[in-house]
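Shared between the two complexes below is chain A, which pairs with chain B and chain C, respectively.
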Partner chain A sequence: MDPLLSPYELEFFAEDEIVKIVPNFSLPTFSHSAIKCIGGVFGPFKPNIPVEVPIWLAVALQKRNNCRILQPEWLNTEALQDALDQEKNTAAVFQRLPFHYLEISKILFVHAKEAFGTDLLKVKELVGDICKVRLSKVNAGLQVLQGPMTVKLNNLSAAECNVIRPFFQGALDRFHLLASMETTTYPGNDDFENEDLNAQPQRHMLATA
Partner chain B sequence: MDDPLISQLLSPAEHVYGESDLVLMKKAYINEKAAPELLEYQSDLLARLQDQVHNQEDTVANTDSSDAEGSLVRAIWRLELARAKHLLRAYLRTRLHKLERHVTAVLDDPGMQAHLSPLELQYAKDYFIKTGLHLKDAVTAHLPEEFNSLVRQSNVSEGHDMLSAPDLDAHVFVRVLEDRGAINLDPEGDDVVELNKDDLYVIRYQPIRELLKDKWVELV
Partner chain C sequence: MAAGAGPGSRKGGDYYSLDAVLAEETLIPCIFKVGSRGVGRALDPSSGSEDVKPRAAAELPLWMLQPLTSREMLSVKVPRWYGEKMRRKIQAGAGVENLRLRCPYFYNVALALHSIDGAPSVADLVISTFRSRYKEILTKAHANESAKEMVRIEALLSIEEAALFNAGRASVDALNRWRFGGRAVPTRPSAKRRLDGGSVNGTR
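Right, the complex of A and B next:
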């Protein structure tokens, strides 16, 4: 089994995030015109009254033509342009975006095209650009990784964490291992320790690395 | 964009509909998936969620679906049930997978055994016996006697030194849930990290092990 979360799993998690919809139905026989689910009481559903629901529910309702999904406020051209500019202007930090912004955008681009109207292409492009700028920052960060350390990555999103996980974990695990070899001796390797010729170059290499 | 709006966007599901058991289950699953060792079995949470799933299944069965309203609500309930069951399965499977990988280390340590459910413990024992018998048959029976143990490198080893223990020094991605202040990364205390709410770190698992248990941090 892959230790990473798969992109499908990330999408599954992102489907719990909230979007606004405009329903075109009501549920007169259910109390408060709402649906009591395990994850909460969703609703009330009244025609033309916007309501906040999880994305999985929004998509299911939209597929049955029971609602219209509204464009999230952070996912319009102005907000994204702002985020992109900020992202470019600040080399050292990541902008605060929803933790699942890539997955949510992807789901909505597929299932709620109408929500974006004529902006769809522009919004898609902006999300792609933001992602590119952020990943290039990550790559720049990877280049300065040297030696065992703890890395701070505030505001990195779920999908971005997942992409860089193998590189970061692999490199940091190995750095840590090498650093601990420098200071500790290994059980059962006593004879190795006594052979100065063997032990010496190994230490030396690590000191200059 | 102003900050309150954004911070609401970062975990809106909990803000709008509260921390349901489904949300807790999702977090437990992600923690389990990302942690190198087997975490404590979430017995209360699983029991509650399984209860809710059964109740909801009964509700679905007892709801009239002849009208449009009933069939819509039933379809939504079914969809949510499928999601909840998927999550439960994913959690249990992830644990079984980790259990199989570290079975000798888990069975060797009563502290780790305490992290298992009774069924998982039974599974671990059965799994160890079956794979152990097979390995003995196929491999160790053909080795010299002093090297034919499954858990010791040789006869002169002190204790069990050939266990597939989880690597607690592995690095994990961790998000800080509450301000915790500075923590020491190693026993000598010359490597200090400041943990503030919403910080995201790539950090060694060992120093944050207890913090994870006490819900100061979560894995991502």
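Right, the complex of A and C next:
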């Protein structure tokens, strides 16, 4: 019944994101050196020629020492430092990062350590800082909520959506419920109200009888 | 149990919700417009007589109000936790008020009272209470507060607020457990200084 996706499930979804790898093997040419999967055709796999594949495939190949995962463009120190600075300087907007940026970086930090070389710790730290800044921004945004209203949240990532969902939804529901007390005095709502009350099972009438 | 109230909870909770049942047990002060015979001790065991006289004051559970007010047998008074004193306290600082102590189902009782014909409405007070408490303490569910502070806050919350608060905390905890693999959130003093520094104004 819990509507919340766990972060582990999000990590699973993130495995469909595309990364670049450099294979060190080749597939036979009669299949165009490619792999046909339900999700699409990936390839061609030729030694030392970079190719784009989903993360699950990249990780599987990496585990067999059949490829080298390349560092994504957004996941290097300069790009992240840039994103972090932008994130700090603009309080109102979120930076455009991959929807699953936390999940992708977590997977790559485990399975593609070599891609980052000596930057690994620095990149890890930057991703952590960006996440921290964004979450505190989300929290500041939640504090302005004053009633049942629509809120625009662009460029929010999957993990961040997932974090605010139960609280945000519950708060909006509660605001809506309380605001309905004020609006019931409008004549237009009366019919709806009466219907609703009649539809309620009369529990305590039975209990007292 | 869901964090918020579902669409069926217009009358203070839906049929299968345990919280809705418990909320309806709340005692509301009422005055009998007509006398009734033989129920005095059932309503109040310390009552002197078996009969209830007209204009007698009694505290009745919420679920009894609707049938009795619709028959013009009762007039409902404003419970003290929605009273004038409470209104002043809420205006002074909603965030420090202990709603759990006053009325554990502060909001659902107000919603139920609102739907009873002839009962006084406390809509404006309840809405402004939730609005300021949401801003002052509920949004701390996502903040990185100490466990002690969290316990202190949770003790102040009404049941409805606590459900919301705990849902928010659970999702943050789940994210942190996933990110740091079940360990406590690591603290780096260096990063902390940097984030608190003057160059990052606007992010807090």
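Just so we're on the same page, the second predicted complex is superposed on the first by the 181 of 209 C-alpha atoms of A that agree within 3 Å, B and C clash if a C-alpha of one lies under 4 Å from a C-alpha of the other, contacts with A are read in each partner's own complex, and residues count from 1 in each chain.
Here, contacts are C-beta pairs under 8 Å (C-beta built on N, C-alpha and C of every residue); 3 or more make two chains touch, one makes a residue touch a chain.
Worth saying up front: this structure is predicted, and the values here are computed from it rather than measured.
Asks: With the two structures laid over each other on chain A, which partner does A:Asp129 touch: chain B (first), chain C (second), both, or neither?
Replies: second
Asks: Based on the superposed arrangement, let me know which partner A:Arg96 touches: chain B (first), chain C (second), both, or neither?
Replies: It touches chain B, and chain C stays clear.
Asks: A:Pro7 contacts which: chain B (first), chain C (second), both, neither?
Replies: second
Asks: Identify the partner contact of A:Thr150: answer first if only chain B is touched, second if only chain C is, both if each is, neither if none is.
Replies: A:Thr150 sits against chain B, while chain C stays out of touch.
Asks: Looking at the overlay, what does A:His32 touch: chain B (first), chain C (second), both, or neither?
Replies: Neither partner.
Asks: Between chain B (first) and chain C (second), which does A:Met181 come into contact with in this model arrangement: first, second, both, or neither?
Replies: Only chain C is touched by A:Met181; chain B is not.
Asks: Of the two partner chains, chain B (first) and chain C (second), which one does A:Gln169 touch, if any: first, second, both, or neither?
Replies: A:Gln169 contacts both chain B and chain C.
Asks: Using the superposition on A, tell me which residues of chain A are in contact with chain B and, in the other complex, with chain C.
Replies: Residues common to the chain A contacts of chain C and of chain B are 165, 169, 172-173, 177, 180, listed in rising order.
Asks: Could you list, by residue number, the parts of chain B that touch chain A in their complex?
Replies: 1, 5-7, 9-13, 15-18, 20-23, 26, 30, 33-34, 49, 52-53, 56, 69-70, 72-73, 75-77, 79-81, 83-84, 86, 90, 94, 97, 167, 169-173, 185, 191, 193, 198-204, 220
Asks: Once bound in the complex, which stretches of chain C touch chain A?
Replies: Contact set of chain C toward chain A: 2-6, 9-11, 15, 21, 24, 63-64, 67, 107, 110-111, 114-115, 121, 123-124, 126-127, 130-131, 134-135, 138-139, 141-143, 160, 163-165, 167-168, 170-172, 174-175, 177-179, 188, 191, 195, 199-200, 202-204.
Asks: For a test of understanding, state which residues of chain A touch chain C in their complex under the given definition.
Replies: 4, 6-8, 11, 87-89, 91, 102, 106, 125, 128-129, 131-133, 135-140, 142-143, 145-147, 159, 162-167, 169-175, 177-182, 184, 193, 196-197, 200-201, 203-205, 207-208
Asks: Going by the contact rule at the top, pick out the chain A residues touching chain B in the complex.
Replies: Per the touch definition, chain A meets chain B at residues 1, 3, 5, 9, 12-13, 15-18, 25, 27-30, 35, 37-42, 52, 54, 56-57, 60-61, 64, 66, 73-74, 79, 82-83, 96-99, 150-156, 158, 161, 165, 168-169, 172-173, 176-177, 180.
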